[in-house]
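Here subunit A shows up in two complexes: once beside subunit B, once beside subunit C.
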Partner chain A sequence: MRVWSLLKFYTVLVYAFMFAPILVVLALAFNASQFGGFPIEGLSLRWFYKLAENEAIIRAMRTSLALGALTALIATTLGVLASLALVRYQFPGKAFITTFLISPVLVPETVLAVGLLIFLRWLHMPRSFALLVIGHSIIALPFIVLVVQARLVGIRKDYEEAARSLGASPFQTFREVTLPLLLPAVFAGALFAFTISFDNITATIFWRPSGLETVPTQIFGMLRNSVSPEINALGFVMICITVGLPLLAGAVARYFSRKKI
Partner chain B sequence: MSDQSLPADRRPWILLSPALVFITALVVVPMAFILVYSFYENIDLAQDVPAFQFGNWQELLTDSYYRTAIWKTLRLSLIVTGLAAVLGYIPAYVIAMTRYRHKWLLLLLLIIPFWISFIIRTLSWIHIFGNQGALNGLLGLLGLTEAPLSIMYTEFTVIVGFIHVFLPYMILNIYVSLEGIDQNLEPAARTLGATPWQAFREVTLPLSLPGLAAGCLLVFVLTGGSYVTPLILGGPSDFLFGNLVYDAVVTELNWPMGATLSFALLLFLGSVVVLYSKLMGMDQLSKAFGR
Partner chain C sequence: MARVELVNIRKSFGALKAVHGADAVFEEGSFTTLLGPSGCGKTTILRMISGLESPTSGDIFIGERRINDVPVHKRNLGLVFQNYALFPHRTIGENIAFGLKYRNISPSDMAQKVKDALDIVRLPKVQDRYPSQLSGGQQQRIALARAIVIEPDVLLLDEPLSALDANLREDMRVELKAIQDRIGVTSIFVTHDQSEALAMSDKIIVMSAGRIEQIGTPEEVYNTPATAFVAGFLGASNMLPARVLGRDASHILLETPEFGQTAVALARAAALGTNRGATLSTGDKALLMIRAEKLTLGPAGGDAPQAVVENVDYQGQLARYFLRIGETRLQAINMIDAAPFLAGQTVSLTLNPNACSALPEDTSA
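Moving on, here comes the complex of A and B:
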């Protein structure tokens, strides 16, 4: 069992490698020093206050939130419809269609970004916020299909058939049986799409119109010289949003599913 | 929903059509445009004329600058993939085999990095390796170094940054295939006289290869297509093929060359994906995400 202990120790080290730098950002957000790095010269919330006054960051945050929400709406709608078709029906060419729907994952984002830009250039359309929404939806869609599909497999068709045989119309069945059963999958997909959009920088740098910043591109721009303490504070806020939200959602979902039983 | 009146075999296509149209119009068609544009001629900043000439492709294949970038990208992607596999296999194995009561926590901790902003995770290494970073602070405190070591903005920090971001993909993919293995196989091999190492090497390792291959493919393709990590963590000589695309399109506004470079990148990484799918099929890839 000596070997097993060594393997466990190695695993702990890998986890430390994954989380230590993130914990450092979280800690440095509270550093009173005017520099973004070590040493920690005392605890302070001053950089959070500074952050709240930084108009550029607030604007970027608003842009990112709106972008994430719209991306979630579009990508989840398309993804849920496609997943329903893939899970519920047998049809010729299904394997090919599945691969096709997932294939954008394997196209490097850089290439995806340039392709869409050149297409727009040919159409004589300038970069716009709408381009970001559509582009982010394309990037998120394959992930939504994968996640939602996996969740849908678990929903049995019997419930719908039972509702139909008890006299419900197709629409009633969808509204009263299918949709409630679908909701967790829809919600998981939407959350995933939001996170993908909120986090994206690779394609966003290509697509954003000049003057428009999302949170990641704003941070990228601020990084030119050094890591400012405001970036650490912003990192803290972002981690709270993107980690806190899904954890909270998961906890709420578990609470409600327990209540039902 | 009046789908009762529709023939059953049309319904899936109606559900699928928005997504299919979306991908066709916004992924497939633009790829064709990239190819067409790669034959256009660049005249001046953001000025190009339609043409059918191979000047851009010739430049790509003959200019040593581009060849260096191809070589660097291949080398770096292989290093990152190899190191991620070595670093990731053991944790995946431990999570799959452990009888620890809170195994869900270990899995959750693997998912959480996906939720944390890529740019925050990447720049966090400046806090570790930078002049004001944790490592230099520690070394200075211990009196081991006079002046801060310059570790930051090198190929090393680029590699660390890539591994840090892509390691969860690797571990998850290996874990999924390890978890699918019948837990009795290794003990069975043991009773038949195999040593623990033999049992692992002859039974578990081969059965986990699909997951390992899927993880390697993802890490390789993701690294090979990036350009942001070298911009944040690398020095002036640390650039990848993606950085050339970025320079051509964003800085030089040379669209035909940008298109040529993009299409070359697509061909390069696409051929890796095709090779993989011929060998392994595409099922394994979707398993890790579908969880």
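Moving on, here comes the complex of A and C:
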């Protein structure tokens, strides 16, 4: 019994240490005081207004959203196609390709970032927004492959075979049967990809062309000068996006599953 | 509707040979069952006809057309699976209409066809439900409706009843057969349940380990099995090692230690060309096959062979006897007249030579 209560206590502590900083950011975002710190002297939304007026931050936010959306689109498309090939077809070198697709998770991000950069240098290509999109897609791909593969394994081949026997071509079968059944995983995967891209800082610092800022690099830049309360407000917005989106997705998925299957 | 013909079909999965050279004809409008134990290659043959698997060698004809290279979706076949495989994200109506979308059919005709198909399977009111809202038996009927609504040339059914519980299974069996009779589509049905096969089929193809053992009507495969495997697989039978003493135009004379000389009508031994008993000649080793229900017990005494009842399995009207003559064990299934014979009793055995078959010695075992 004593061991258990100790363990419980310890677990609570771990979580407290994990979440306390986040809670601090969330709370301080509403602090009216110029010099962010406790005790909170009054509630206000002034840092949010300030945020909305800050051109650099707005630009960074736009870049991040576009980057996240493109990453989600590309990584999800490639991830779904790769998963289909890996689950539904037999071909030589399958195990190797699976490992290869998953490997970006295993390689330290810094190494991956430097590697891609050297590769581009070798191709004589400058750093660009496109590079960021490609890089983020590579980082997000393994997650999508894992999520979509897991779901695809659970979709019995019978459905596709029934559709084929009824006259649907392979593509029609994919569009009418496989994709709809796969949709929850595709959706979850796309969301993952978006969040991964939206959060990413390490690789982004290596890959971004000079002058281009994403939200994380913008915050990083601002922190070098001082800890402005604006950063807390921006942190609040980011947390809302990265936590809120999956929650929203979950709700949408539940709604569809209640309506349909 | 069309006939289907397999010519020397082989299929290997890597080193594993799943089908070794199968030849078969499925007549137009007939109901043929592929029967055999698990893993004998029934599904593989069905999948090759459907196009979901391609044969390693050999030809498949539907009608007059060789269809080896025609992709699945252009073969116009109806497929029914063991697990129904209804699209879970589509309503019943959409499921049934699925195949119609790929055939030039006007929306009003389509609605009518869906309605007709639902009437045929006697589920007129479920159009707007989802598959998960139906019972297993209902789902399987919808799967059947979805397969027949496209008016397929051939209907392929892979153990469609085996996911259903026993009672429902018998009802569905009768209904399925009635529907097939009515629409007259050439049907190929896979099962490992012999009573299903015997009850439903025009023809049965008995398979074992990737080979076709016999093709015949239910009566033929039951009464005149071509091989020891078929005799053992369908019903209960006794197989006694025998020697061929001689043959004439109509009979083959076998000798067994237990029953002495038995003249087996050659018509039975040589059923329909597939019977390898036809090749037996004097001096050969053979098997004398006696169905358990054709071996009759009587009171001890007389000239007939005497056996000891070792065990009795009482089944109401019938009793199944486990008997011993010397070291040979036999089974008999008899109607019970007054009271069954009891374990330990000595009885006399009579066998009706007209109900026996001569088989070549089983080389596969």
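Just so it is clear, the second predicted complex is superposed on the first by the 256 of 261 C-alpha atoms of A that agree within 3 Å, B and C clash if a C-alpha of one lies under 4 Å from a C-alpha of the other, contacts with A are read in each partner's own complex, and residues count from 1 in each chain.
Keep in mind that, in the parts below, a residue touches a chain if its C-beta (ideal position, glycine included) is under 8 Å from a C-beta of that chain, and two chains touch if they have at least 3 such contacts.
All of these numbers come straight from a predicted model, not from anything done at the bench.
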Let's test your reading of the overlay: on subunit A, do subunit B and subunit C clash or fit side by side?
fit
Is A:L212 in contact with subunit B, with subunit C, with both, or with neither (first, second, both, neither)?
neither
Take the Cα centre of subunit A as the vertex and report the angle out to the centres of subunit B and subunit C, nearest 10 degrees.
100
Once the structures are superposed on A, label A:I201 by its partner contacts, choosing first (subunit B), second (subunit C), both or neither.
first
Subunit B versus subunit C as contact partner of A:V177, first or second or both or neither:
second
Between subunit B (first) and subunit C (second), which does A:G115 come into contact with in this model arrangement: first, second, both, or neither?
first
For A:A66, decide between first (touching subunit B), second (touching subunit C), both and neither.
neither
Partner chain(s) touched by A:T242 [first = subunit B, second = subunit C, both, neither]:
first
After superposition on the shared chain, which partner residues are touched by A:A253: those of subunit B (first), subunit C (second), both, or neither?
neither
Considering only touches as defined above, state whether A:P39 meets subunit B (first), subunit C (second), both or neither.
first
Partner touching more residues of subunit A, whether subunit B or subunit C
B
Least C-alpha distance (whole Å) that remains between subunit C and subunit B when both complexes are overlaid
5
Of all the subunit A residues, which ones make contact with subunit B and with subunit C?
170
If we count contacts the way the header does, which residues on subunit A are in touch with subunit C in the complex?
156, 158-159, 161-170, 172-173, 176-177, 180-181, 260-261
Of subunit C, residues touching subunit A in the complex:
50, 52, 71-79, 81, 83, 85-89, 98-99, 101-103, 130, 132, 143, 146-147, 150
In their complex, what parts of subunit A are in touch with subunit B?
3, 7-8, 10-11, 14-15, 17-22, 24-25, 28, 35-39, 77-79, 81-82, 84-86, 88-89, 91, 97-104, 106-112, 114-119, 121-122, 134-135, 137-138, 141, 143, 145-147, 149-150, 170-171, 174, 195, 198-199, 201-202, 205-206, 215-216, 219-220, 223, 226-227, 231, 235, 238-239, 242-243, 246
Could you pull out which subunit B residues touch subunit A in their complex?
1-4, 8-9, 11-13, 15-16, 18-20, 22-23, 26-27, 29-31, 33-34, 37, 87-88, 90-91, 93-95, 98, 106, 109, 112-121, 123-128, 130-134, 137, 164, 167-168, 171, 196, 221, 224-228, 231-232, 242, 245-246, 249-250, 255, 258-259, 262-263, 265-266, 269-270, 273, 282, 285-286, 289-291
